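Here is the structure we will look at.
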């Protein structure tokens, strides 16, 4: 245990995200913090975690110090159980073999919708972002964990563009749009852990990270936050978690 | 009915005119890119920084080909180069940046935000199902993603239906049959029977879907060698119109089991072009694309040190 | 809307209840066939006389399972045995006989023409697309065959549409998601990661489509061995509910690269049952299915000579 | 050359069928005579013939004396260029990569429709035949050569059941049924070689086999035959054709 902040924002993001995974799960992980956090979980309490990558990989064990620069690089296949086409690995989500999708996010709104496509009007965007990749497919087809940096411009009431659907306009709107399965489960930031209300599907704070106040979270959020009745505090990263994480990313490619 | 889906009879007629017989089709890069015409739709194999048919893109840029409409599952610096060189003004893909290590591509941003070029966004699975429909010879495939999102909203080319069996909402994505596919593989024979190791991405569907296929390969092997491992053949020769042997044909990107990305070169490239996506891009193209006398001279500019180090890492995927 | 297509939410719910975690699932034939319940829809892997999951069928017949509704791309003597034993009264397939060497199956004819059992005919590609739709989690796939034929006419389960993109006539074939799939492979690990050499038939789609999968395998190998050749893994462990090591698990049919069909036994079988598809079939089942104490005893009845000769021929596919 | 009938019906069937193939073609062959005839062509004038089999094989060279008992047996993959799924090899037909389909037939009618499903009423059949296999797909999607025994009960005005479509009801009915491509090209029997009229799509005799009269063909046919204006006579099997054929099938599995 540690009680001084001897970790970076990316490190607590990776550690808290990895704790959301359960041994035996099948997780579809994006590149960066998700890949790192899933690999961390695999090395700690979830040796039976099966990691899928968009490039067409089932059941990888990424090597420490050899983190892939994308989920389409050969490093993703290290000690994999199976290599298959990229469309086929996405179809596993559609059929339902995947327990949880795990992605980063550029911009999120109160219903967990993610934008990674456009800032401003899509027809004449201020900024053209990279786009969905598999993000739209993953978030359409399974339960999602999102790990992202907490900034006011990233936590907005309504995203400029729904790239990866959360609960769309809340309530039953997701299912009514033709997405009966999945949806946002958790959002992890360096400040807090979020869940979603079972009924109105709005985001709410489940737990504050060590040393973080309600005000700090609210000040960094672009809309009024709801705090759970049983608001908790997350356990800080342990020495073991941090040491393992740093062993996995010795060049600090993703942990900053 | 405004649609980009090619009518079946037309697709079949194009295919029936191709010489699909068993014949050697080994040629040079210069000869191979003659299969691409200005204005063609071009499907690009591999994904992101992996098995990118970079030598073919390099040659197309040297050829100063124009108005290509390109597609790829995920596009990386090859997209920059296609836009930056003026070879392409339209790309359909699911993700367009240089790589997550480098953030946004200023080249893509400059070209798209200025209105000079179009980036049409589809989900990754949608791109896969579009190539697959094309390869199957059907006009669409049904999917259950994109629904409810703005990605669907800005893609009227896809059509929602209520399933005639279950009543469920589905999205039909239109077949994509590029005029030409560019694909890089680890090995193939002189006929074009291609074997791909490791990640396949969407290359099999793309090869079947395209009206012409140009293959580059790390090495050309005998047909006997292909026949000893027919399980590993992923593209049959009758899909293929040209075969070019180009060692390091994906450089500075990766070729599974042969070399990893050449990241020092990539880093320098990104630093250069993101500062000035027009002028610095022109400088880069001049130095690495237009000036070298040959592909091997281009590799020389990337440098022996980096090529060998990428190869060492590439082969290591097979190490215990 | 009368349809056999399972609603998506129901399919997903069944799958979410399966234990898809990485766990060992090696068991005996007797334990494995407990995953099949009377009345289930059952998808059978392999094709004709190849990689037939014969040991599982043998065990189901010994279990005297009832009213199974079976499907297979092409069915051979396994279909005879399923009908003749009373285990199944309904088979969906594209071709049903013992093998072209022997003409019509009198067992199939007797059971179907008497009205005691149903044989629903689909085209071979339609069967493939039905499993594929099932494996993709979509309710149908479009095809361009069966149209205009009487095969289409007697299959109202399929639906014609005019393509919303091109206006072309298409046939939508309904997804097939069997409750259980029975599949025999050359090797897999204790978790069920299965590697298949040579002809794949429709096994990959079938495994993905089914709500439960029982694998038999010529041998169980370590997970390390699987991971050294991930390209060759065709069925991922999380599709698999039971793994049984059964050498010669397809006998008297073939298993690619391991043994060819045991044609002397097949010849004798056909001669016997085609003379009297009821009584002689019962005699055959008695002798080869009900009486032997174990699968190995059944192989003993086929005979050492034939098993070894079939193995010699089987391995020879890898000879130059 | 030989001018006495020193060959069986199956042998002339195989030889004449093999002559219909052209070097460089991609041919989808059924088991039995088609497989044998395609292999014969490969050994004689068509070394560049690419043979596809329903089991999932591209570019096979079947070994003499090791003829596969079905197109789903491992012997079909001997020296193959590629092995793939059975649905995928059929999809190659749909996409259009195959020049010609080559099958046997149990019953054929004047428009080249084949029946291998039912004798009598399909609801209460006198005989339940094996069914289509890939036959319906092949004949729906490409140009067809059919090799079959010539008997009156097999050559009927209208088949009891269209398993594999020829020209359906003639004229433009095939295209109007949703099958714009392909159709019957040749039917080969031990008595004659048949083609189809370009307009009404009815079968017609193109050439008589050696020693066969118009009357013999007509007598063995269940409807009135049309004979082509340029009615020819086929060349008898050569010694080389017969010797190669017998070398391929030394056990006379398919040549009777």
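By written order: A, B, C and D. Residues from 1 in each chain.
Rule of thumb we're sticking to: a residue touches a chain if its C-beta (ideal position, glycine included) is under 8 Å from a C-beta of that chain, and two chains touch if they have at least 3 such contacts.
This is a predicted model, so every value here is computed, not measured.
Annotation of subunit B and subunit D: jointly contacted by C, touch as defined at the top.
Common neighbours of subunit A and subunit D, by the contact definition above: B, C. Repeated interface: B-D and one of C-D, A-B or A-C share more than half of their contact pairs by residue number, and that pair is A-C. Look at where the CA atoms of subunit B average out and do the same for subunit C: the two points lie 38 Å apart. Centre-to-centre spacing of subunit A and subunit B amounts to 29 Å, using the average Cα coordinate of each chain.
Inter-chain centre distance (subunit A to subunit C, centres taken as mean C-alpha positions): 40 Å. Within subunit A, contacts with two or more other chains are made by residues 77, 83, 91, 94.
Subunit B has residues 8, 137-138, 143-144, 168, 170, 198, 231 in contact with two or more other chains. With chains as nodes and touching pairs as edges, the resulting graph is of another kind, matching none of line, ring, star or complete. This structure has the following touching chain pairs: A-B, A-C, B-C, B-D, C-D. Taken in their complex, subunit B has these residues touching subunit C: 1, 3, 5, 7-8, 137-144, 159, 161, 163-168, 170, 172, 174-175, 197-198, 231-232. Of all residues in subunit B, those touching subunit A in their complex are 47-50, 73-74, 93-97, 99-101, 104-105, 108-109, 112-113, 119, 121-129, 131-132, 143-151, 154, 160, 168-171, 198-202, 204-205, 254, 256-257, 260-261, 263, 314, 317.
Touching subunit B in their complex are the following residues of subunit A: 31-32, 54-57, 69-70, 72-78, 83-87, 90-91, 94, 117, 122, 125-137, 140-141, 161-165, 168, 173-174, 177-179, 253. Subunit D makes touch with subunit B in their complex at residues 23-26, 48, 50, 58-59, 77, 79-83, 91-92, 94-97, 99, 180-181.
Residues of subunit B touching subunit D in their complex: 8-9, 11-12, 15-16, 20-23, 135-138, 193, 208-209, 223, 226-227, 230-231, 233-234, 236-239.
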